[in-house]
Structures are given as C-alpha cells and as structure tokens.
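Presented sequentially are two complexes of chain A, the first with chain B as partner and the second with chain C.
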Partner chain A sequence: MNSFNPKNPVIQSLFGAFLIALVGVLVWQISQGLKANNIVLDWGVLGQPSQITSGSNLTTILLGMWLTIRIALVSIILALLLGIVVGVSRLSSNTVVRLVATAYVEFFRNTPLLVQIFFWYFGVFNLLPKVVQDSLDTQFGAPTVAVVAALSIYTSSYIAETIRAGIQSIPKGQFEAGDSLGLSGFQTLGLIILPQALRVVIPPLGNQFLNLTKNSSLASQLGAQELFYYGIQMQSYSGQGFVSISAITLGYLVMSLSITAILTLINNRFALAVRK
Partner chain B sequence: MTQANSTDPIIIAQDVHKYFGQFHALRGVNMTVQKGEVLVIVGPSGSGKSTFIRTINRLEAHQKGTIIVDGIELKEGSNLDAIRREVGMVFQSFNLFPHLTVLQNVTLAPMQVRKMPKDKANALGMELLERVGISEQAQKFPAQLSGGQQQRVAIARALAMQPKVMLFDEPTSALDPEMVGEVLDVMKTLAKSGMTMLCVTHEMGFAKAVANRVVFFDQGNIVEENTPEGFFNNPQHERTKMFLNQIRHA
Partner chain C sequence: MNIGALSFVIPGVGQFAVQTLFLGIQYLLAAITVWLVALPILLSGPLEGRIIALALLVSLHVGAGITAIAWKQRADGLEKNLAKAPRTYRLWSNVIAGLLVLLLVDLFARWLLSLPSWSAVASNLTFILIGKLRAPSNAEDLWRLWGFVPLMIGLVVGWNLFRAKKGLLGLVLGFVGVIIGTVILWPIINNQVLGGLAMSVMLALWGIVLALPLGMLVGIGRISEIPVVRISSTIWIELFRSIPFVAVIFWFYICLPYVLGQGTQLYAVVLALAIFTSSYIGEIVRAGLQSLPKGQTEASRSLGLSGSQAMIQVVLPQAIQNMIPPLVGQFISLFKDTSLTSIVSILELFGAGRSVANRLGNATFEIYLTIAVIYFIVNYSLSRLAASLEGAKAKER
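Let's look at the complex of A and B:
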C-alpha cells in the first residue's frame, strides 16, 4: 500500500485533527491576550444607540455598507464600460488610438489608487466650475464623486487588459466569418467578438470587481461615510475595537461573497455550449 | 477557356500579386469567372490557391494587379462591406458563431446588414436550413452538431445574404470521411441551381460532377486550366501529372 496516499482516511483525519488543534490554540491565545489586557468583548455594543447616526451601532454599520454598495455598483459599471472601450482601443489598427489607450492603461495602473483618489478630490474636482462642484457635492457628496471617478478609472485600466486578452483569445476565423458576411467592423466586434470574449473573461473580471469593492474602503480617507469609515468611528466612540473591526470585516465579506455568487450565476448562465 | 463565348464575367483578376512579408504568395494570377460558372481550384499546399480565393472578398489584400468583383474594384478605400455582401464564403473550420443558435447564425447577417425584419429573416433562415437538410437542429448550438452538419449550417449562413458568388475554402478537409458526402451533396445542388462557385477542394468526384473548369495552382500561379475530363484524364503539364499521381496514390 502506498505509504503517503493523500486520500488515506488515517492521514485525512490526522490532518483534520491538526487543523482543529491549531485553531483551538489560536482562539485560546487570543482570549488569554484579551484577558491579560483587561479587554472585554461586548458584542451587545452593536445593539446600543449609535453616537454617530440615528439608530443603533448596527444601523451605522449598515448605513456605511449601503454607501459602499452604491459606490461599488456605480464604479463597477463605469469601470466595465471604460475598460471595454480602452481594451478594444488597445487593439485598434489606428496608431493614435492604440497609443492613447496604452498610455491610459500604463498611467492608471502604475500609480497608487490612494494618490489617484486625492488627485481627483483635491485636483480635478476643484477645477470644475463652482456650480458643478456644488451640485455634485449636494447630490452625492464631493468625496463620493472623487472616489467613484478614481475607482472606475483605476480599475478600468486592469479591466482593459483583461478585455484585450479575451478578444485575443477568440479565433481569427470568427473575425473573418463576420467580415465575409458583410458585417461592419463595429458589428463584428459588438455581435460576434465581444459576446464571446466577455464570456471568457468573467472569472478575471470578477477578481477586478472584488478588488474594486474592497479598494472602496480608501474612500474613508476623504471622509466618505462608507463601511470602513463608520466602523472606525464606532470603534472610537465605543472603545470596542475588536467588535468594530469584526463588523467591518463581516460587512466586506458579505458583499464580496455576494459578488462572487452573482458572477458564478452569470458564468453558468452564459457559458458557451462549446465549453460545457 | 471553356466558356470563351460567354461575355458576362463576374470576377476579373489581372496580374494579382500577394506578399506575406518576404514570401511571394501570388505571382501574377489572371482569372476570369463567368456568371454561373463552377470552378474547382486544386494544387499542393502552399501553392496559393486558398490565398487567391481569400483575395476575392479581400480577407487578404493584394499588393499589385486588379480584382474586379461584380463591377467593383477591390482596393484600399473601396466599399468592402458592399462587395462582401455579394460574396459568400465557407471556411475549412466552419467558423460558426458558438454563442448563437444555428438559426441565429443564419439570420444574423440578413438582419444586421440587410436590415431584414426578424420574422422574415427567420422564415428565410428556416427555408435555407431546410434546403441543407438541417432544419430540425435550428434551435441547437453549433457545438451540439456534427462536423458535417456544422458545415451545412455554414453554407446556409453564407446563402442567407443571397450572394452572387460563393467561395469554398477546402470545405471538406476538416471533416470525418463519412461526413464529406453530405456537404458535397449540398454543394452539388447549389452548383446545379446556377450559383457561381469557386471551390478549393481535392474532391475529384465533385469536380467531375459539376465543375465547368479545373484550375491547377503551383508556386503562386495558375499552371493549368482545363475541363474536368481533360484535367483528370489528359493533363497537359508535367507538374499537373505529378500532382495527380500523388493525390491518387495518397
């Protein structure tokens, strides 16, 4: 008998027992640390009245999540649209278009996102006409507008590369079939190439959507009242750091797993018959 | 030329040259095709036969010479989409659209290019699928069909644009042997209906049954043009004899 077969039930149960022991040691260590520092975990703080917003602390966390969801949704849509345009332009036969798209990608994916957020907030936003500034600020909040712009554009530079790879994975014969039927370049692209390329790139696109959602926590740096911002506020007021961070973590986890679930559904729905 | 008295050319190619980088793929090809003619183009691999028919709908651009299809010269800036509407093409590897159903594959171009209403396009699509014997598969996806069925869908898709010329680029070379017959039968029916056809194929039975002319390519040019009987039974050039010996003993 093979002495190291990973499917051997003895080895499997030993490995399982080892994992459980490891988690047990970690929990015990943390509880010892909390005791030594006289920290009492009070999960009930979530139900107590909030000093930041109306309702309880849980309401505050949910309000923060709601802004995060709105920022993420709008940014994901904008990033996808921009990414498709730039990704297609990267493959243009027009040299100028191709160079501009390449410069766009290299600029926005090679500077830090936090710097870009500040650039939009303190730079571009302040250059807008006063009327536009005021109306954006009252409608959405200036920090939110800056963050949506930065997240969309930053992520679109990654999405553009994903789209380009997807288009390049489509066999040349598909372009030729479209051309030979008399379809215009745009029709071939929109009706034949992109529908196939987008199916291929759903998993890597999902990665970008997840990154974008988690990166939105940087909005707190401008004071946008999203999940991370409110969670940290709650920590300051209540003194319950561990509980606050746990609430923040759980909030992002729920949103990320929802995105993953939705994309899995889309992927299953649109998978090409050829790949089943 | 076998139809020297005909005066209704639909394709005129004069001194056509094509380069792939340094490689001189077509070296001054001259060819005139009359309306309703069925041409079979044969030749060893790399002889330029596929490249030549791909210049006729400008999937390959030629660098020298003139090609006139249905009165429109193919050159930089000419209305390519207009020419391609009149020239149908069937590929060796089918190139069906995998994300569309069989029927949608056929109706896409009529709806998008000819702006045909959906119900009319569907009726036309079903009629064409009927003609190639595959209407019961209309709602399936290409990957669910056999190779022979896929190629018949590809023929129906090209016919849906009601082209004046059909180009076939080795349409049976990628098929399992038992599926070659069903595709050739469709092509034979099409030939007898009066369609102008240029077929790159080594199916001698097809050539004998429906071709008006057989054209033999070697090293980027036409070596011999003949009737199917003359070509297969009494070839004129040494190169042609050698080629025929090779494909017969394959």
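Let's look at the complex of A and C:
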C-alpha cells in the first residue's frame, strides 16, 4: 500500500540535511557580518573581573539571577493569594462582588504588563506618602516594589480565571453534598471544592508561574538589578553583545526548565493521589 | 418585639442575638468599613457624594435590621418559606455593596478629574495615536493613513467569509487587503514617522501574518511521524517559550544587522514578534489537532488518502474551528507584546506614551492611565470577540 515510511533513513537524512543547511547559512551570514565589523567573540569575558559588581562577570549574572528568583518567588505567592480571592469572588452570589472581580480581571488581563509596571512605578508609587516611599525604597528598592506589585496583580488576573475554571469543573453535586452535610458556604469551599479544584488547576497554574518568571525580565526597564538588566549592562561595558545575550538566555532557560521539572514532580504526586 | 431589630441600631448585633454568628461578623465588619468611608464624605464631600453616603448608611442599618428580623422569624417558625431569609440577605448585601462601590467610583472619578495635567494629555493625544506623523513637516504624508482603510476592509470581509466557511477566499481577500494597506503605509512605517497606536496595530498585524504560517508549520511538525522534524519543531517551540520576549528581541536586535546591514531594527522587531508568537501558535495548533478524535485520521487513511492529504483535507479544516478562540487570545497577547518593542526605541503606543511622559515630567499618572485605557479598549473588544466565538461554537454542538 503506502510505501512512505517516516522512519526511512533517506527521508530522515534529507530533512536533517535541509535543517543543517538552513542553520549553517544563518551562522555563516552572521559570522561574515561579525568579521566585516571586526568583532571577535570572546567567551572569556565571563571570567574577567566585572565593572558592575564585585567578582567576575559570571558573578554579576548569577547575582542578577538571584534577584530574579526572589522577585519571582514573592510575586508567585502574592499572585496566588490574590488570584484565589478574585477567582472565588468571580463566582460569588453577590452580584456587586462578582462585577468588581470581573472588572479587575478584565482590566489587568487586557493591558500590557510593561504599561502596568510603569503605571505603578511612575504613577502610583509617587502618590504614596513620602514616609512610605522612603521606607519601601531603602528596604527593597523602589523598582523592585513596583515590579512585584505589577507582576502579582497582572498574574493574579490570569490565576483568577484558572481558579474559576477549576471550581466550575467540579460537579455541582459536590456543592450540594457539602450543603446537605450542614457545612456553611465557606466550609464547603475550603474543605471540599478548593482541594479538588487545586488539583485540576495545577498544570495551568504552573504555566502562569513560568510566565511570571519570564515576565520579571521587564523589571530591567526600571533598573531593578535582575538577570536581564545585568546582562545588558555587561553588554554595554564589555561590548560583547553575543556573549551577554547568550548568558541571559541560558539563565532563563535554566530557571524555566527547573520550574518545569518541579511542576512535573508536583503534578505526578497529585496524579498518583487521585488514582488511589 | 423581634430581637433582630437590634441591628437597626448597630448592624451585626441583631444577627449575634439571633445566633447567626457568621452573618453577624459579616455585618459588623461591613458596618465598620462603611462608616469609616462614608462619615468623612458625609461631613465634607461633594453633593452627590453626600447623597450616596447617606443612602449607603441608611441601607446598611435598614438592611441589617430587616435581614436579622427575617432570620429570627425563620428560626421561630413564623415564616414558612425557608428561602425567604437568604433571599432578603442577598438582596440587601447587593444594595449595600453596590452603593459602596458607587461611592468609591464617584470619589475616584472626582479625584481623576482634579488631576492637573489632563490638558497636556489631550494636546499630546494625536502623538500617542499616530506618532511623529502629526508634525506639520509630515503633513504631505498624512494621506497615507488611508492605507488603514483597505487593510481593515480586507480583514473584516476576509474574516466574515472565513466564518461563512469560505476560508480560502477569505484568506486571500484578507491578505490582499493587508498588502495594499501596507504598500500605502510602507514609506511612513519604514522611516518610523508613523508611531503610536497606528504603529502598534501594524506591528501586531505583520506579526500575526508571519507567525500564523510559521506556527502552523511547527505545530504540525511537532506531531509529525518523522523524528527529525518532530524533534526540531519541539526544540523551536520549547526554546522560544522558555525565554522572555525581551531576550528574543535582543537576539534579533543584535544579530540581524550582521545579516541585513544597518538600520534594520524595525525588521528585527517584526521578526522577533513573529517567531516568538509562532512558538505559542505551534502549541495551539498541536492542541487543536490532537483534540480531534483519532478516528478522523484513521478513516481518511483507510479511504486511501496519504498522511499529508488526510492532514490537509480532513483534519486541518475541522481543527481550525477549534483553534480560532485561542488564536484570538494569542493575538491579544501579541498586541500586548508590541509594547515591549519600545525598549529598542520603536515609538509605538507605549513608546510614544513613554516619551511624552518623559518630556512633560509631571503628568506620568495621567499618561500611563490613558495608554492603559487605549490598550484595554482594543484588547477587551478582541477578547469579547473570542468569547462570542466560543459561545457560538458551544451552541453548534
């Protein structure tokens, strides 16, 4: 019948050769361009002493990663808490609460994060009382505060939708069963619905955490000294654009892959618990 | 005398007396909040604020009292309709929360209007919408804005044909519209005279036009039976999905001049948008294809179609319908992502706003709020579109 065999070595190597040729042309083009501009790639620049922080340039990149991780962790916790509150409010029997929660979700989901970061930093932060501003600035750094606020609020609007979908995926009988056992609305929600719903929402939640970590790179626009900021700084001090952007990319890849690995572990645990 | 009436005086106390502890706490907290907010306004607020505050306080006390009485009557067995007390509670909590929100909105609106720099925003609004094109020196290029007309007509007509299951014709018409519009607009795009919202729209449109075929390719490649294709597509998708968009922009910003020469930051940005988005579209395409029952492929294969024929003639046409809502969602993301191109100094909507804010110095809150609202209007209409498509799809089933 059909003689087409996808694992046919000829087809494989044809596709492989095509891809290698494509990549090769690009690499050759870029290296020609580099040569024409008298730029020499120097990976040793990572080991050279840094002009930005103490230690070598590699230390600078790692320091940046450390702040990225801290910003991401704090924002994830805040976003999760906010998101659960808003997500539950989206299903409230009180019309006004529901409308307010909907407005919150729609507004923060439909405006770019960068606009929100600038809005919190240049708009709202300046309106705070001087004392609060100063204490926040000396303790955490003003840009970091603004970025954490923007990231948690932006992500919480996505998490709220995830939580809502998760709650709605629980059959109505569960609510009714809780009711008929004499539990109050909050007890039903906290003891019966949320534990089940959280299991359903773990994969999409993990996606949001991943997005949040990547989005934290926008903090560089306010001068928060995280991975992307230090990478770009390194580029402008050393002139090694390729090396710097590779270091940034590698840093984010490592973080993304670690988060994915952790999430897979968590997911497997919960999936097992269901089967028992 | 019904003991719940105590709540007329102090909200919550009546509920405690009727032994509905949870409602009591709720009303007590509500009372504290409402009094804290409403009292200062009642004493020294604008007229409509005072009226709303008064109505709020009255409804708080009346509502608390009536609710407590209803609950007491239910507990005593005087009221046979068991659903009546919860209904009363829900009605009054809606009224109280509604008035509280109304009061806060009123305060916020008054505060917004009292901000000093709205006139500065108004005089810079054309810059925020069309960029440097508004300058008198660019007046002879102003007519080129008409390029948006064939563009939009092409998109709307194409979209409706697509909805009417004339996909190919719609795609061709939409593409022709985009091409004609771009040809007219190209000179002012290329020298970046066009900016602001108009530039954001162009960036997003070109991003999606390039990203769709590319995403289709890697999406189908991801579930291909040929290992080389599958692995390279997977690497493509996973790589671009795990690094931030700003990093992608910088890659292209740094590399592209070595390939195409100087002055190519606009191409770099469009390519970055397209390639970044293609990896997300790839996942949507894959999910859409996998959502179809396997029987579809098997049936077409058993009818004698080849693998690619089955994909193009049977699987894709059905799967595309499932992909449209998430694709619209992805377009919203793309439109939001165009704001990041401002960091390589493209003056699109956010970049224009940022430069106005820097120039004026004292109107930051007003300007960033305006920018946010413009983005919101565009994206919210798109998300309504996606929701209505989803609703229509649910009805079909």
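Keep in mind that, in the parts below, the second predicted complex is superposed on the first by the 236 of 276 C-alpha atoms of A that agree within 3 Å, B and C clash if a C-alpha of one lies under 4 Å from a C-alpha of the other, contacts with A are read in each partner's own complex, and residues count from 1 in each chain.
Note that a contact is a pair of C-beta atoms (placed from the backbone, for glycine too) under 8 Å apart; a residue touches a chain by one contact, two chains touch by 3 or more.
Please read these numbers as outputs of a predicted model, since none were measured by experiment.
Judged by the touch definition given at the top, the superposed model places A:Pro195 against chain B, while chain C stays out of reach.
Greater residue coverage of chain A by touch, when chain B is weighed against chain C, goes to C.
When the two structures are aligned on the shared chain, A:Gln174 is found in touch with chain B, with no touch to chain C.
In the superposition on chain A, A:Ser184 contacts both chain B and chain C. Touch criterion not met for A:Thr264: it reaches neither chain B nor chain C.
Note: residues 184 of chain A belong to the chain B contact set and to the chain C contact set alike, using the contact criterion stated above. On the chain A side of its complex with chain C, the touching residues are 2, 4, 6-7, 11-12, 15-16, 19, 26, 29-30, 32-34, 36-37, 93-97, 99-100, 106-107, 109-116, 118-119, 122-124, 126-127, 184, 186, 210, 214-215, 217-218, 220-221, 228, 232, 241-242, 245, 248-249, 252-253, 256-257, 260. Taken in their complex, chain C has these residues touching chain A: 22, 90, 93-94, 97-98, 101, 224-229, 232, 239, 242-247, 250-251, 254-255, 257-259, 306-307, 332, 336-337, 339-340, 342-343, 350, 353-354, 357, 364-365, 368-369, 371-372, 375-376, 379-380, 383.
Note for the complex: chain B touches chain A at residues 57, 59, 80-82, 84-85, 87-89, 91, 93, 95-99, 108-109, 112-113, 141-144, 157-158, 161. Taken in their complex, chain A has these residues touching chain B: 171, 173-174, 176-177, 179-184, 187, 191-192, 195-196, 199, 272-274, 276.
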